[in-house]
Amino acid sequence: MNEHYRILIHCNDEKGLVYKVSSIFFHRNLNIISNNEFVDKTHNKFFMRSEVAGEIAPDMLKSELSAILPKNTHLEVIAPRKKRIVLMATKESHALGDILIRYEAGELDCHIVGVVSNYDLLEPLVSKFDIPFYTVSHEGCDRDEHEQRVLQKLSELGEIDYIVLAKYMRILTPRFVETYEDKIINIHHSFLPAFIGANPYKQAYERGVKIIGATAHFVNNHLDEGPIIAQDVIHVNHAYGWEEMQRLGRDVEKIVLSKALKMALEDRIFVHANKTIIF
Amino acid sequence: MNEHYRILIHCNDEKGLVYKVSSIFFHRNLNIISNNEFVDKTHNKFFMRSEVAGEIAPDMLKSELSAILPKNTHLEVIAPRKKRIVLMATKESHALGDILIRYEAGELDCHIVGVVSNYDLLEPLVSKFDIPFYTVSHEGCDRDEHEQRVLQKLSELGEIDYIVLAKYMRILTPRFVETYEDKIINIHHSFLPAFIGANPYKQAYERGVKIIGATAHFVNNHLDEGPIIAQDVIHVNHAYGWEEMQRLGRDVEKIVLSKALKMALEDRIFVHANKTIIF
Amino acid sequence: MNEHYRILIHCNDEKGLVYKVSSIFFHRNLNIISNNEFVDKTHNKFFMRSEVAGEIAPDMLKSELSAILPKNTHLEVIAPRKKRIVLMATKESHALGDILIRYEAGELDCHIVGVVSNYDLLEPLVSKFDIPFYTVSHEGCDRDEHEQRVLQKLSELGEIDYIVLAKYMRILTPRFVETYEDKIINIHHSFLPAFIGANPYKQAYERGVKIIGATAHFVNNHLDEGPIIAQDVIHVNHAYGWEEMQRLGRDVEKIVLSKALKMALEDRIFVHANKTIIF
Amino acid sequence: MNEHYRILIHCNDEKGLVYKVSSIFFHRNLNIISNNEFVDKTHNKFFMRSEVAGEIAPDMLKSELSAILPKNTHLEVIAPRKKRIVLMATKESHALGDILIRYEAGELDCHIVGVVSNYDLLEPLVSKFDIPFYTVSHEGCDRDEHEQRVLQKLSELGEIDYIVLAKYMRILTPRFVETYEDKIINIHHSFLPAFIGANPYKQAYERGVKIIGATAHFVNNHLDEGPIIAQDVIHVNHAYGWEEMQRLGRDVEKIVLSKALKMALEDRIFVHANKTIIF
């Protein structure tokens, strides 16, 4: 019964938290594989993520930790398992393809339940990897009807840990976002908060920026304004047209999205005050 | 009379421009030291910068080039000379100091005519370098009066090629900007166009970005919206408070501003459609 | 007969080259799509790459250019066509997969003739993309015999423009390299010239570097010492074990290799004095 | 008597270290300002750095910690004070100047005792900042004699916490290095371990690299092989001559060196197995 657990603690800061938590680890003879803590002094919040191994049932460990932690602590004791992921995409294959190649190589510790798209364009690619592809066309129906059909499809796919928007080019309604709160990871093809909205590469080109980037973030009700998980950039110059910026930007997009997904799969991300704390 | 010239050409694009210009270089037996051209296909504009050496008077060279170039061409034939620079600053010394150290080392081919500030805080630093320091306090006068006094001081300093705002924390009025059109270089302590306005580091911190940056740009009448010259970024994470972001951001600010100044001194920057073309 | 050509010129530098070449473009009424030149003053070499469009046969254009260029000029007039590419790999799929996804998306203007590997591990992945996979096992034969079999297989595949070593982990002999001189592109999993040889990530870890990188280069007879095409890096710290460096390094490797391949396919690379000039 | 301490612990890893240390912090009612730990699993070493505030004498805190830590633990309880720094330089002013400007701005929490150089070229710059400048010429004496004089001068300057080689272009003998073990910080004008030795920019140029960098490291007896503290890079291309690489490289050098110095001043660096652990 030597088990491996990820322990996530998020609570108001107070003296002795590290002492109390590590005391349980010590007296329960748990082996600490990794340990990170952070105090957000602005909001007086304490965040801790530990990976431990040892002979203890998860319920007991959770109950012992709860006993010494402040009231209203968010506490998770996770016995790692393959998370269930749904990918959503539209027409572009780079971000989706990057995830598929990593998945095939065993780099992503998850189960990709299916890919949902409003077009059937990417079906040939996805089918190569023996992953179900569901086309939910938006043609002939309004936004609400279309989203309702997407939600229906998602609900048929069973429990979902994360929905990854791999260049899904439809705006989600608050209803959708609330259904999967803190579970939707998007890649925005821009260095947020700049160039919010449509065709950021064209906006970037017209503004004459010398750097372009991409942002992976959780989706909340305010479009493009959810907590940022990862960002990266590349340098450009006057000789780059916006299509070339877009082409080069795709390399940043896919790496940043895959990085964000990996961190989510490893339970490394806390969300607080519309920001992420990542260990 | 072997002279060295920088030739800047900016005109509507048409067939044969490179041929016609290089024909003059060839038949006048000029040695091409460097040569760059770019066509902005969106606006159908042609940009060319050449460094040449040879025995020809600048007026004659300019007149021969004019004869073969389209009407309304912006043409400059520049015999390099030390440009006259005024620095403006407020309280922070990092960007100003970086320029002073480079100046002292002979790295900047210019003459720093003086430093103008609304505080006297940086006078001890500037005085070390035997550069005149002019305090034009904004206390006890309104924005217009203060700016009028600054303009007065600047006019007393004679011809000015560039005004470098090395963390000058006052907003300039349209009158000021028009007086020195395309001659004012600012360092904005943010990755424009994100975080326009006051305390961008605090804005960045609150947005939870994973990258911060700085932008050197020409100043036009729309605050922070002038043509971008250079940008760079550094990665940050949740553990950085905004003051630490600010401290680290200063390293980016000063390098980016000095880089922009160097390019201006070497006549490498074209401005068109609120963007820069830099060779 | 409006044709599009890429013109590559590499010769000793002398006065008037740009004039003479652009004169032909002008008088032949060719439209210049892009134009780049560079003079390597150390070696007194002139490099020029132009993309032009117009009504002229390639042989005539080449003959006219030859007439005005110095003796011993390397001159190519290329009517773009899909280049024939062979990929070689061993066990890791990230670099290979990145190319396959781009290929599927139509991003790479080439024909992938086949994948050759000394293992059959990647056959399932490659087969998904309907690309022939050839296992040429190195087991039960010495290095020379194995390479002879690989060469035999390559010769059966017909004309090859580039061989891309997408993490092919076998050393090539001079015989192999000479057969495909300047046609083999390798990704080295290190920031060359550091950490030449086996397991660079372990070397990097043991040296305690704070940055790791990857290098795409042409292969010559001196292992890892061929002309560098592209490089990039990421920051690491003490908390990264070498396996994690390796995992993160793969993201750099694949992007850098795909970038190098794209530049080769677009005829943007000159090789001279064991260096690349890239337009 | 509310004191602020930095506690550095470096010992063999064993279970319960975090628990035991945090237990003392808790029972002594110390306020934890920051806390970082790391286990090097390869060498089974535990590293911890804590900043705490509270009412306890440093000797008592140290003695209590010693009692619960393994034998042979390196333990430091530091009440922050201005460290005494000597800068050494030769002819180039960029790295030295960057430190001086930061020092003047109060950004570096230290006392610069003096600058020692084998030339008097930088004396005018240093004198501006009212810092003693000592020329110890190497002319007319052999390496050993010169170094003996430098050591003599250093010993006259009293206790020294760190010697910063801000582009000091002389090789130090083992005698020198042993005298100031782990106290000498150097900036190497290259991306170590590439281009060890003389004129790395020329080496980089000749190798045709697409990235150049700089490395700040502690100096040990093997030239350029000491523990790396910080590194950074910039992208270059074929158009950069080695002098231009050198000029641009200076920007990286100075930022990287100042960063390393700042981390040393804040007691953030552990050295183990020729590597640094930096919190």
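Read from first to last, the chains carry the letters A, B, C and D; within each, the first residue is number 1.
Definition applied: contacts are C-beta pairs under 8 Å (C-beta built on N, C-alpha and C of every residue); 3 or more make two chains touch, one makes a residue touch a chain.
Since we're looking at a predicted model, the values are computed, not measured.
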{"item": "Where subunit A and subunit D overlap in contact partners, by chain label", "value": "B, C"}
{"item": "Which of A-C and C-D has more C-beta contact pairs", "value": "C-D"}
{"item": "For subunit C paired with subunit D, centre-to-centre distance based on mean C-alpha positions, whole Å", "value": "41"}
{"item": "Subunit A and subunit C: spacing of chain centres that average the CA atoms, whole Å", "value": "35"}
{"item": "Two or more partner chains touched - positions in subunit B", "value": "none"}
{"item": "Touch list for subunit B against partner subunit D, complex", "value": "92-94, 97-98, 100-102, 104-105, 107, 125, 128-129, 247, 251, 255, 258-259"}
{"item": "Subunit B residues within the subunit C interface of the complex", "value": "15-16, 18-20, 22-23, 25-26, 29, 31-32, 35, 37, 39, 235"}
{"item": "Interfacial residue positions of subunit C with respect to subunit D in the complex", "value": "38, 40-42, 191-195, 206-211, 213, 227-233, 237-239, 241, 273-278"}
